[in-house]
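Below are the structure tokens for one structure; questions will follow.
Chains here go by letter, A, B, C and D, matching the order in which they are written, and residues are numbered from 1 within each.
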Amino acid sequence: MSVTFNLEVSIGKLRLKNPIMPASGAFGEDMEEVIDFNRLGAVVPKSITKYPRRGNATPRVCETPAGMINSIGIQSKGLEYYLAKTLPYYTKYETPLISSISADSIDEFAEMAEIIAREEVVKALELNISCPNLKGNGVAFGMDADITHQLIRKVRTVTDKPIIAKLTPNVTRIQDIAIAAEEAGADGLNVANTILAMAIDVHTRKPKIGNVMGGISGPAIKPIIVRMIYQVHQVCKLPIIGCGGVMTGEDAIEMMLAGATAVQVGTANFINPTAMLDILEEIKAYMKTYQIQNITDIIGQVKIDA
Amino acid sequence: MKAVRLQVISNKQVSQRYWHMVVDSSLLGETVMPGQFFHIRCADEYYPFLRRPLSIYRINKREQTLEFLYLVKGLGTKRMTEIAPGAEVDVFGPLGKGFTLHDSWDTILLLARGVGIATLAALAQEAAEKGIRCVAVLSARSRNDLLATETLQGFGAEVYKVTEEEGTSDVEHVREIIHAIMAKNDIKAAYVCGSKRLSLLLKEIVREKRIPAEIALEEHMGCAMGVCFACVCDLQEEEGLRTVRVCREGPVFPLEKVVIP
Amino acid sequence: MSVTFNLEVSIGKLRLKNPIMPASGAFGEDMEEVIDFNRLGAVVPKSITKYPRRGNATPRVCETPAGMINSIGIQSKGLEYYLAKTLPYYTKYETPLISSISADSIDEFAEMAEIIAREEVVKALELNISCPNLKGNGVAFGMDADITHQLIRKVRTVTDKPIIAKLTPNVTRIQDIAIAAEEAGADGLNVANTILAMAIDVHTRKPKIGNVMGGISGPAIKPIIVRMIYQVHQVCKLPIIGCGGVMTGEDAIEMMLAGATAVQVGTANFINPTAMLDILEEIKAYMKTYQIQNITDIIGQVKIDA
Amino acid sequence: MKAVRLQVISNKQVSQRYWHMVVDSSLLGETVMPGQFFHIRCADEYYPFLRRPLSIYRINKREQTLEFLYLVKGLGTKRMTEIAPGAEVDVFGPLGKGFTLHDSWDTILLLARGVGIATLAALAQEAAEKGIRCVAVLSARSRNDLLATETLQGFGAEVYKVTEEEGTSDVEHVREIIHAIMAKNDIKAAYVCGSKRLSLLLKEIVREKRIPAEIALEEHMGCAMGVCFACVCDLQEEEGLRTVRVCREGPVFPLEKVVIP
């Protein structure tokens, strides 16, 4: 008796052959030597900025218990290079590409989104609204529900391609931001970016990150992200992409049970370069064990006692 | 470049602060060049979490083994000392670009500080295989830290040692030694690793002498495969500064281009 | 040449012989068998509620990478028992006692604070404003700067003993809450309580905590807490008690460099029952290595490049 | 109650899912009673992070050793299997209150499911030392899981085995066995561990028979020393429900009082 296991999921009108994709900033062309991109649900290159940026001072990463802090500072070659080189590179893969965009203002988001969305190879946009809003005292767009609403609404007017808002977890009530993004017309939510963190070397007394603070990722924060996925799923109908600390297939399943439709894998790629493919195999094994035919059947299926 | 589990043949303390690991590389199936490195999982845990970059110290093609020489510094390398012979170690590599060495050169200069010796030892080995003479200046905190010199001497290198312990490691003294070496030998190229001060010194000397030089850099790494941009440094190119990744474009760079911070 | 190392620190007018004390909820009378309470900077019993409470469903704890989630639910024997039994028990120690108070409304906080502060053995009050405000949709008091201000102000009117506001890290800008507490008259800030988290058993599909969500503590969250200590120290003059993930003397030093005056140790006690005393020895060793005579000299001394 | 590092004398797999560890307790210097437990650090890591509670399985006063029998369930117990003889294991204990056993009783009944056998084995041992007869009903998934029965038989216990594998472990069948045992023996007290269904069954039976019974409970623990209130359960007292801590007031409680959820 052979059963086929269906891993397909959808984020708005974007259909993915499976729910596993890389997290922006922890993936790139150079990984083609270690994994077959065609086996992924989607590819998500590093967030792109309008103009080239040099990024932050080194050290840019440091290790923490079960996690790492990074402060790369969106080092980027700028939109021009992205259109001329990065996007064309990915045309050789059949896997849908999600473009992650970082910008300094709402207008810049809209401007970039419009240009990028025009590209055939781009199947969806992920708006990194966790980056600081230069016009708002440097507070991240995604820390404010109103600004999030304005930003998504504006981008919505320039493209019909699916828009995913990548939320920041550094907020009091992520549900409010999620609802704002939903009402403004987003097609999906990424929960979430890194949590602001800091580590100090007690011997040199210097911050372990050149830029003083950075974002913590990895298994350490997974329980916080799972909670946020669950909270957002309770109040909002949009498909959620879970992101933060996924190392194994079980971690991905946990996020899906909490309410995620798809899952991004970031830091795990640094520890295990084939993590995404291993996770896919582990998900298949789980489906087999529990005779789950469609992976969509487990989304939000955490059992809460009445 | 791939992540494989290789069997540890031996893993021993070779001096107060240094350990030496030999792994069976028969399953690796890739060519390893001096100056390249591996990103090593020091323990199968979530803390230490990240891999650790270690240069290849010796490449034994016939026996199909690779060797690492490492300084026990923090949590990761401490855990690495606990890997018993017979166990496996998860190594990812070989990574990065190695040193440039021209068959036509007859003598080269190696300038290494501390564990930078590990990185240059592989180069000394290749030089020996190519019949190129090496003169090496090795600097360290203590005589004890200089135990690796024996390997270099084994490759026929002429070795000068300076240490803090003996008060011989100051830059001016090293400058004198290098000048003396250059007076006696026709140095065709120079290589440096492990010290900012010595790199600046060598940069100055090779600029005068108009010989090529390379530096092997260290930077904190995330992915070691070029995707995270954690490990950047700046190169002074004709068109201006260019930011490159130590793990991908490096770790070996032309000394004259590297902006030493 | 013998140097003496001075570990004394002050929180308002409360002088502590050293900066190490337990975190509320991870300490209790039963620990007297494993450590000498007289060696601690302070003792902090479990948060007390006005009326007895049964607490939450089990399991009440679960393990996460480098951390744990708990949802005890402030199981408490109530104020009466606390006055009659708990406080008298501690009179046999010379170590100052900080009373941690949890309440359902601002008035209840004030009422309890007034009663408890009258007790001779109580040297300071720690207000657990991370607990849900029953009159505010269950949102924690400490999630809102205005409510925090009102709460502290009200308690300030009923006692002269030092008031420490224990902040919740589940906020967008902890600095705003810290400033509100400072302006309202707090004498110190505890940064911080646990971060809201969730874990799901993928086999049973049930939450690993009976109460669905709980608070994550332990080394996993230390980088987030260190960042918050640093942020609060930048904007606010009050002494800070750092709390979250301290396992070793170096962790405590790290928090002090970020801006903490004292440090609480919670979960570490579960892993190593003598953690607090070991941490004290490690701090002394650090002071010796770096010839630091007064521990206060390191407070906020992280070196930031200009 | 203290945390000490004890040397591991042996640590072996004894059946498909069970392991057995013997530690040298000469440095412990505390009396350990059947029913008490230790909170064990399974690895010197941050994940597994928490200690794991394990009952004392055998107490060898003369040889000064303690034994644990454990089911390999998740990360913690898996890491525990990796502790090599000669290494140390960090144990915190002895913790909690043990079983009540009166010298005057001549026969007692033990009812254990799965690894609950480990907890009751120490009691069987003490009973044997006191000249009290034990009749034990042991329930498990498979015959393989019942390997510990040999220890109990070694203590002279009369053992009845039921398993899922053989289809003999349903509650009604166990009820019949117990009734048969009680018909043949003058059971003075009964003890249960490891199963909710069997505990409810025994509760019913001892209520009828009016004999005392105790249950050893399991609950997820944080501190295991009574301060965190993670491990609570409810007792039905005359004045109403009373919440107690399994690690402190337990893990052994009067069966009739425990509210089995």
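Here, contacts are C-beta pairs under 8 Å (C-beta built on N, C-alpha and C of every residue); 3 or more make two chains touch, one makes a residue touch a chain.
Predicted model only: the values in this text are computed from it and were never measured.
The chains that touch chain B as well as chain D are A, C.
Centroids built from CA atoms put chain C at 47 Å from chain B.
Put simply, the C-alpha centre of chain A and that of chain C have 33 angstrom between them. One simple way to say how far apart two chains are is to compare their mean CA positions; for chain C and chain D this gives 36 Å.
Looking at chain A, residues 64-67, 218-220 sit in touch with two or more other chains.
Within chain D, residues 46-47 each touch two or more of the remaining chains.
A complete topology is adopted by the chain contact network, contact being made between every pair of chains.
Across the complex, chain C is touched by residues 46-47 of chain B.
Residues 1-3, 41, 46-51, 75-76, 92, 219-233, 243, 248 of chain B touch chain A in their complex.
Against chain D, the residues of chain C that register as touching in their complex are 25-31, 33-34, 46, 54-55, 58-68, 70, 72, 75, 218-220, 267, 269-274. Chain A meets chain D in the complex at residues 65-66, 219.
Across the complex, chain A is touched by residues 57, 64-67, 69, 139, 143, 170-173, 195-200, 202, 204-207, 212-213, 216, 218-224, 226-227, 230, 245, 250, 253-254, 257-258, 286, 301-305 of chain C.
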